[in-house]
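Here it is, the structure, as structure tokens.
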């Protein structure tokens, strides 16, 4: 299914404020749109006659074996769009051999989400004990890495949410054990720390006991700094265009980040990934894997676990088909297939 | 409030000829549109984990301490859109710690406009005594600088005004003391000198007794000349696209001007500034401050002093939020956050 | 009057086939549109405080003193749009001190068109005697130069004309003396030679007795060749986008032509010139003058001689106003005001 | 006739699923659109006064004398749009002195298609005997070359076809002799080999007995490899945008391929060619010939053999007219007429 049709379908089902909450971006939504169009400007020059009829997109990312270099991005409150929420999405990812990142603000608790390639996205709250305990619970529950989000010291200005008056109130599922945190969504968000620094990365790295990934990096120097502070990876991301309306576009800055870190850490990319060609373009330019967000959310809204399973399955099938068309037996064979960008 | 919605709101309220007078530009309005779109082409690459949770946008511009690097641009006849006119706008600027520039063609007299960070915009009239007296009155009334507009030796060709047959007749408030000047707007405009030269800058600099800023510069060589003639600053401006339909776009030429003057004079920018990211983009590229025009005018039309106060307050709030998202504690930390422009 | 409104006005008056004949271009009309948009991509950086309050756009082109560097382009059959035809247009040009180029295919005879700055546009017909006689008549009648059109060895493919089935039949006025030439428009066009070469330029240069201009050059090497063959000037032109749908755009190639000829011949430009800024952009990039075509034709349709006089008068007024805004006292002061093109 | 009108006309006649099958592209159809727009960005700078009144577009391509450097691209199942199918199209090509490439999946058998400049497009099937026999039959029937398609190891994802549920079922005409192959279209397509390699090129080159052209190359290195493996030519093609939605655009990569092969093999181009200027742009940039696809298919739908004859005739006429306008007597004179691309 095309992402456009899927979004239309989801839009028919969802209340306007939920749809807008998922679809919207920050400020004048320049980056929201540019995340997608930046991929459309990049073309691919296949290698022919390589015999890549049965390609493998398999890869190992942050210690997780994946059938394709794709994870579902952390998105909170998935039960807003379907009663099965994150449990359905993670099961669908697992069914396709893909990774899944559970959000701090999830609507299903850490312990009730399954799958072999789960990661846990962490916001640092003003109560360090709570943050530390979230990490402990995630590690105890078998999550393979902590994805520390660093691009949301404050929440971006999202005009669509202001227009719908933040009608997306919801109780977050991970805060029941902590009487000090009001689990109502807006209350919880107000507890996210705005003053995080690299010292906080040091703390998480030192205490997590699993690899730590820094999510929300758009600069080569910050990626190098993440490596210096012991991170196992970075996610080049502008938070889906939701934080800063004019944020740099991940696929536009990816190569500079890859060059800067020189293989010291894994480099993931998030933002604007909708189609098999997007995934492979990012990998060809040096990404170890990509995250898909809204695509999974629309599929969840439209069809629950079965819907996400089908859509992610289509994505994997498409990745294989596209690799065959590109003449790539493995992801390593993608080097050099992106033509120099014009326009 | 989004500037687009604000403009729609104001358009509902205002007579067509007033709305068009404010909104319109010169000739085929290429620069009018380009002033805005040029900002949308520039993206920002935040620095993460800097702990910039409580940023300060405070700055000192031309001797005026400002809470943020923003002044309200000189715009005449503000009582056309609201009975409180310039008095309301200046009060709203002051309430937010921002600067205000009163136009020669104001609809409220020099002496009746308050605020700690007022500047006076000067047109040189064909009666030098009147111009000199306007400067004297402004300085006596506590205005901190003279902003000498140099890009309007004649009025641009504005098709919208020709279509509405110049229905914006108004008596200017600053000319009551001068029997030799007809205060009717079009009559007064006809008295603006077309033959001004750098010698006139010398005269104003020599006689004003306060800093003089040259407004309407689009070339590095002219900015250097302004410094050589004793100006304290320049405003890189195409007069909001109202003078020359194909004028160079301020944000596109800003860096060349900043490089040329090398810190000898303050560099302000005016044109297309609508959003917090615009303000910080200009500052990151070397501007000491920016001027906002139509944004304030639409707010004045829609809500009087309270409206302007709210809109400028939102702008300052947004500047702080955007600084936190960019990882900038102070304006100095913005260096290097603008990514190289493509498309 | 804006050219867009003028065209709308003319479109209301004219039969569809006449309107389309004037407005249309060749093939997919890429160059027709690009001629106009290429000007819109170029911005101008004024010089301020130069005291250019009373500028002069006066110039001498091909021995003709002009009030501004503008001539009316050769366009045939002007009586199709107004009964006064070329006599009206030339009178309007003369009234404004501008040049006028009469087309071989005019609807008013050579001898009945007046004005001090007339040039005669020549097509070489398959009967050399007729072509020679046309030149002789033009020179006898006081025309100052011959403009030899070289970009129409065959007529371009104009889909609009094919759709309207060439309803623009008309008898040309200059062929009455020649029983061998059928003056019906399509018959006459079929007599234009397709096999012209530089030897034909030599012949016209040798026999005309007045300066010869080669019209329809888009390459530096051809411009140099024109100079080598004794031409007094070239017109950089793609025939208003009417000959080759993908022809190079005059303003885009102008500088390369100017550089190549190094002042040996006059360089005129034709195509897409609608507004004062277009005229001055071309001059700033090295053109000695420009030709305006459709602008004059729409004005003729809408208002006859008075209409053209007003529109050309507005153009000259606008040129003066724009020069003042650019700080240019004379056309020589325009050097360097065009900013480097982006996008 | 304009291709746009022709397509509209065909769309009125054809069932939606057939129209979409012909018109559609892969994925988000970025390359489908870019194939056409990439030509529109390239402009041509004519040479004037060369006397090219009677140009010749004649050329020899792969041993076939052609009146113009144009062949009809291989497109299967042409009887879907008109009962005369490939027999009509090939006859129309022959009538105009152009080449014709018969598809493996044709709806008229190899032996029933006539014309002096026929080539046979080959897909390698999983039964080598069948492929070898197809080649033998083509050579026996007088086809001059084998065009081996290498960019379709699997069929691209074509959303339009998925939407119309592949309603284009059809029996292919070339498989009657082979009981092992189900001639139903989708069944046959499933027999196309996905694992072809350069060794297969070697086999075809070694056994065909006529020149072999490798179709579907978008990289200079692959073109060189084709030459190394004995191919007589390559077709720079993205399969009309039908295989990979973001495939590189042929006209954008043509020059790099031409430079790389340095004349060792013929270089043909396919994709986006609609108009005379497209043909000559490709030739000017180094192509030996181009293939036209949909243009011929729409003409066949709209008017059968007469329709294709007229449309291809118009194309040849237009090529001659455009050559005259470009000052080119022969195709060799086109070198250097394409201006450097901007935008």
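A, B, C and D label the chains in the order they appear, each numbered from 1.
Keep this in mind: contacts are C-beta pairs under 8 Å (C-beta built on N, C-alpha and C of every residue); 3 or more make two chains touch, one makes a residue touch a chain.
These numbers were taken from a predicted model, which means no experiment stands behind them.
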| item | value |
| --- | --- |
| Fewest hops from subunit A to subunit C - one hop per pair of touching chains | 2 |
| C-alpha-based rotation, subunit B on subunit C, 0 to 180 degrees, nearest 5 | 90 |
| Equivalent interface positions on subunit C and subunit D, same or different at half | different |
| Taking each chain's C-alpha mean as its centre, the one farthest from subunit A | C |
| Separation of mean Cα positions, subunit D and subunit A [Å, integer] | 42 |
| Subunit B and subunit D, separation of their C-alpha mean positions in angstrom | 59 |
| Two or more partner chains touched - positions in subunit C | 343 |
| Contacting chain pairs - touch in the sense defined above | A-B, A-D, B-C, C-D |
| Subunit D to subunit A touching residues, read off their complex | 27-28, 30-31, 34, 150-151, 153-154, 156-157, 159, 193-198, 200-201, 214, 216-219, 221-222, 225, 243-249, 252-253, 343 |
| In the complex with subunit D, residue positions of subunit A that touch it | 2, 39-40, 42-54, 275-277, 281, 318, 321-322, 324-326, 339, 342-343 |
